[in-house]
Amino acid sequence: SGGSGSGGSGGGDAIKIGVVTKTDSNPFFVKIRESAKAAAESEGAELIALAGAFDGDNEGQVAAIENLVGQGVKGILITPNSSSGILNAIKQARDAGVIVIALDTATDPEDAVDATFATDNKQAGVLQGKWVRAALGDKTPQLAMLDGTPGGTVDTFRHDGFLEGAGITEGSSEIVGQADTNGDQTKAQTAMENLLQRAPGINALYTINEPAAAGGYEAIKSAGLTDQVTIGSIDGSCTGIENVKKGIIGATVLQFPAKMAEQGVQAVVQYAKDGTKPSGFNDTGSQLVTDKPVDGVESKDTTWGAENCWG
Amino acid sequence: MPGAIACADRPLATFPLNSHVRHVKDIMNSTPTSAVVTPGQKSRSLLERVIREPLLGPIGALLLAILIFSIITPTFLNPNNVSLILQQSVVVGILAVGQTLIILTSGIDLSIGSVAVLGTLVAAQALGTTGPFVALGATLLVCMALGAVNGGLVTVLRLPPFIVTLGTFTAIQAATRLFAGSQTYQVPEGPLTFLGTSFRIGSFSTTYGVVAMLLVYALVWYALSQTAWGKHVYAVGGNMTAAKLSGIKSDRTLFSVYLVTGIIAMIAAWAALGRIPNADPNAYQNANLETITAVVIGGTSLFGGRGSVIGTLIGTLIVGVLRNGLTQAGVDSLYQNIATGILVIIAVAVDQFARRRTS
Amino acid sequence: MTGSAQGKTPSPYALEARGLVKRYGSVTAINGADFELRHGEILAVVGDNGAGKSSLIKALAGAIVPDAGEIRMNGERVVFHNTRDARAKGIETVYQDLAVIPALDIASNVFLGREVRRKGIRGSLFRQLDMPRMRKESSAHLADLKIGIKSVNQAVETLSGGQRQGVAVVRAAAFGRGVIIMDEPTAALGVKESGQVIDLIRSIKDRGIPVILISHDMPHVFEIADRIHVHRLGQRAGVVDPKQRSMSEVVALMTGAERPTDDERAGRV
Amino acid sequence: MPGAIACADRPLATFPLNSHVRHVKDIMNSTPTSAVVTPGQKSRSLLERVIREPLLGPIGALLLAILIFSIITPTFLNPNNVSLILQQSVVVGILAVGQTLIILTSGIDLSIGSVAVLGTLVAAQALGTTGPFVALGATLLVCMALGAVNGGLVTVLRLPPFIVTLGTFTAIQAATRLFAGSQTYQVPEGPLTFLGTSFRIGSFSTTYGVVAMLLVYALVWYALSQTAWGKHVYAVGGNMTAAKLSGIKSDRTLFSVYLVTGIIAMIAAWAALGRIPNADPNAYQNANLETITAVVIGGTSLFGGRGSVIGTLIGTLIVGVLRNGLTQAGVDSLYQNIATGILVIIAVAVDQFARRRTS
Amino acid sequence: MTGSAQGKTPSPYALEARGLVKRYGSVTAINGADFELRHGEILAVVGDNGAGKSSLIKALAGAIVPDAGEIRMNGERVVFHNTRDARAKGIETVYQDLAVIPALDIASNVFLGREVRRKGIRGSLFRQLDMPRMRKESSAHLADLKIGIKSVNQAVETLSGGQRQGVAVVRAAAFGRGVIIMDEPTAALGVKESGQVIDLIRSIKDRGIPVILISHDMPHVFEIADRIHVHRLGQRAGVVDPKQRSMSEVVALMTGAERPTDDERAGRV
């Protein structure tokens, strides 16, 4: 089985693996890329890392898959930009005998790929939401939401999960402001500054990732409202954990990108060796990290976080 | 040879172009309906007419890139891989035709990609309630309407195309997301994905999208070089005042270019659904920069009035070849970006060098 | 567009203007100018630099829309919103700044705005241009002027100043049916080439088409003009008969050193 | 009044400008060192010289926007909010000065944001091993070197600025990510974040970054309008051939513009660290489009040779006011984008309208 | 840059060229042209359109670098890589296409490339331009030409064709010290204004500065030139003495209808 796409030529029998991330810019994907590189090296495999040009660059990811298949890889690890946008290319790759593993983001339907190694982003959002709500105590939430890119799969899962966890419905008056930040700190800061001008009573802040949280915090700090606003976030980068420790972010949800990448690479190598295909959704887990634990949400402290963070 | 030679009243035996002078005089004396042409035209084959001298640079750069990649990677010249490069170039390649037209009029279209993306969503949503052909018709209408908005603002209000299309780009992109509820829409196989269908010519397999792209190029090449409309496009872009004084309906020409670009965006939207049967409001965000790059690499002047659509095709292919070839060579995307940045500059430098040689 | 003159006896004027005004910001380029061109005549327009000659003929050619005043052709009121309107009435113009497209070849420039399509389906359906014919005709016309152009495929930007002017002259001469206006058509031309343009103007007159010639070249003006319109400070100072006035008198009129007679001032010469 | 009046040999009592003619003649007869000037100049105050007529349009658009937002929202004219708008404009505003210079030479700089971003990372990383002033020096060197690369490719190889800076943009962005490992680097408070420090003037609090921005504008305004270098920049952008024939060292002028833009990018990098004390390889990705927008809204021609840096400042503020004002008015971000797109077009339309009125 | 002529007796020529060649692709604009300009003389250069006159003087002014041939000033070999090199030797040129910057005002155009800075620290340290002085000087120079320019703050693009030419002429006349070259300086000028340019050229000669005048205006040429260089087919056909040859003979020489004498061909007049 397999190998039909490789053309049989090339030097030696080093297994070639492709990894296609959403972009090259997000440290999360950089962590995936680097962990995959390291894992591949230790397995004696060769890894080619490609990426889309921006969040939503389906064409770029499709081209990357096509070019990797043409190059003769055994398996492709991909963090799909949109859960359904690149299914054709994935199917063609699988038809050519390449196994495709989704990392971080599941495809829709899930069995479009051989296997998925991912965080449950919705669940991560729920954790953030629950914690923020509990930390607010009796106060009525006055929530600002610093979203990522409108329409991104992960962005939507986290956003929806947060609202579910916080017990707030979309469109409710408890949401006093929302802005798209593309997960970018500068944009997040400008957006938060402007939101605070309009709604100085904001007491809860959802952020799509830790850079957005840092940007939001800068704005809150210069407005002198640090005591008033509870900030939640998702990612688990070491900078983020550090920020939790400093009290800049109230709590963050730690993800495990290195686990996803390592398991993915190992699965491809396994397949190349004996044809065993991985399958199904493999949750790599998410963990709330905070130094201010609340009742009803299981959490770990920043010391644990600093040991398990990435980047 | 000095241009003054036709003034010579006496034969100048030592003057090489004298025979040409006589020839011109013969024409003057011949009956006006005779088919005598000046020597310069006689020797022009179709190929020469399609590939004009200024294209030698881009073609050279493309061939050089192909040569290098076929040497350093074993897979690059596979028919499959060549077909892939073409398929990957389809959407941006089609959009780049519209961009060429607009840049020829000394404009620029930053909205072109967003129009096509909105087109894919209109098609996908209309498909649910109507048939595929109505959906395609609706897409065409929407894309043309947006082209008309751009064109109207540029011609009637005389606003700078950069600002107009930046404004519509921003507005259309946001409107698309609202319209789509930030969702993506799957499109089932059918007429809407037709341009993604493969077929074989001998052992070479390609898609109808590639054919559509080549057709668009051929059509617009024909319109630009063989019709009065084309001359007017060059005239309007080369010197608007002179074009007006020459009695060209410059506003109408300008407006028509934006309308045609709308139609081209619709074809690109169709091809995009063929390539990825999933309408996504976040797709093709860099199409404006990518198309402009293809146009400029192809030797078209950003100041208008000079250039050709064939150059743009070559420009598109150069970018496609670079991306594919670098992947074949096992280069990671960050290094690919560095390499692409440098190679694009080199490609244009080769062009400049070739041009200075021939002029 | 039809004015009150309709139904009267045919007008003695091919082209006529009354009280034209054109302002550019604070500059009044045409300041209530009158103008009359008789049928079949060659009318020279002379005046100092900046007197407003080019502005005047631009108004007559539809290239600028005057702020006030009216224009008549054959006694009939006309309004030109653009050069196309004027062209449609048979007015062809050589502009001082030439109005050529540098990057286009000579033949395309000559036929710009009135391209010839191929015969048959290639022209009617596919709207293909008959480039060979346009090339042949342009090069025949240009050959008449003997300005040494090598090939009509050349881009206009590669031509010398005089050759470029030749292209503009040929374009107007080839297509004018009603009135031909030439704004300093020989300014960049050599002695011989100027002579050929003068011959060309004469042959246009022989075809019965009136010509307006703006020129600073007094010998040429006196050689060829039937009447001379003297322009000064944005107005017509007067119209003189070159057979009754000397060159130096005309120059004096241009500068205001001499006064026109009442008939001259009223254009009755 | 006709321009021919100075030719008048006899007094024309009815002619209003005649006194002016006599005036000019007086000048001719006066000794060359006398300080008599033509009336046109006498009445020009400093303000008039700074705010030229073509700026009335952008200023009108800005005032209109301010008026509308101060009516529909209660918070807009708060000193705090005004200060915020200025602070939010600092980085793009400074970069837009460089962009103006390059556009005046009929170029375009797509790399300007990426240079500044690389600058922030160089500063942040150098800070770890050296002192803050060495770090700033290193940043200046890197930014100037990149400006020199752009300028060298444009002047020596005569490549189109669009392609050159697109190439360097792509390459620098990728290189920055590699260099930083896509990590962000926190910068502790100190000289590197100095431009983020606030101070008060009366009840109005602002940052040194705002002051730096205004200083950069003032300096470049002075250089453009009061020095020979400025005239040469306009000349090179207005008509390169004529500039060369006039004996201007056109290549040197062009190169110097890219170098100065490098310096300005360094100042922007510094201001960026003041605003967000965290060097992020992914920041300011849209700076190229944003700066070009500010420049074009400010009335500078993309074809070079016409425009002013004051217009750019107003253009920057228009964008800042729109974004802030729409948020104050409670408009959601997608609707904000739609509104911004449309409002930017309206702002430029107001400008065009004002221009047509005055010409 | 110093050639073999050094140390010899002083050259009779202010500017001199031998065997200049310049090709544009397949067009040879200068085809082995010789050229001599004597000290203090006015040398007219005449020839058909496209004969290569502009190309020749562009080579002499450093605007194009010839493919072959050599140029000497006062007998000394010079190589001009650009117009700055020629300017540094005192050669000033009015180009046929004027070389003005449309968007800049008149004063800035006149002083372009040699701006005057303010006195004192404002000039030396802050490098501020002395715009009032530049304006005053330009308007004084322009007033001499009487081309009716309202204000030197006007952008050049708002001027009439003739006024624009005046600006270019003034610029060259004001700064030339070695040689002044004028390529058709009166082409767009009116009778009076042309006369003023001719007077200006005479006054330049009176200052002892030699002038090269390209013109198609034979009466002007014969009025003012000390010698006439006839250019034909990219070469010097000969140099004639306007006192020995008539206008029609010169025109005949330009077209090749008449042959120059051996002395004329060798430039020994």
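As written, the chain order gives the labels A, B, C, D and E, with residue 1 at the start of each chain.
As a convention for this text, a contact is a pair of C-beta atoms (placed from the backbone, for glycine too) under 8 Å apart; a residue touches a chain by one contact, two chains touch by 3 or more.
These figures come from a predicted structure and were not determined experimentally.
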Could you tell me the least number of steps, going only between chains that touch, from subunit A to subunit C? 2
By that same contact rule, can you tell me which chains touch subunit A and subunit D alike? B
Interchain centroid distance [CA atoms averaged], subunit A/subunit E, Å: 71
Compute the distance, rounded to whole Å, between the mean C-alpha positions of subunit B and subunit E. 45
Averaging C-alpha coordinates per chain, one finds the centres of subunit B and subunit D separated by a number of Å equal to 33
Where subunit A touches two or more other chains at once, by residue number: 24, 150
Touching at least two other chains at once: which residues of subunit B meet that condition? 1-5, 7, 177, 334, 336-337
Among subunit C residues, those touching two or more other chains are 24, 27, 47-51, 147-148, 150, 159-160, 163, 192, 255
Within the complex, which stretch of subunit B touches subunit A? 74-75, 78, 80-81, 84, 87-88, 91, 177, 180, 182-184, 186, 196, 272, 275-278, 280-286, 323-324, 327-328, 330-334, 336-337
Partner subunit B, residues of subunit A touching it in the complex: 7, 9-10, 16, 24, 46, 48-51, 53-59, 62-64, 66-68, 70-72, 81-89, 149-152, 156
In the complex of these two chains, what residues of subunit E are touching subunit C? 24, 27, 46-51, 54, 96-97, 147-148, 150, 158-163, 166, 184, 187-194, 216-219, 251, 254-255
Subunit D residues touching subunit B in their complex are 106, 110, 153, 157-160, 162-164, 166-175, 177-178, 289, 292-293, 296-297, 302-303, 334-338, 340-342, 344-345, 348-349, 352
Once bound in the complex, which stretches of subunit D touch subunit E? 1-7, 17, 20, 24-25, 27-28, 32, 35-38, 40-41, 222, 226-229, 231-232, 234-235, 238-239, 241-249, 305-306
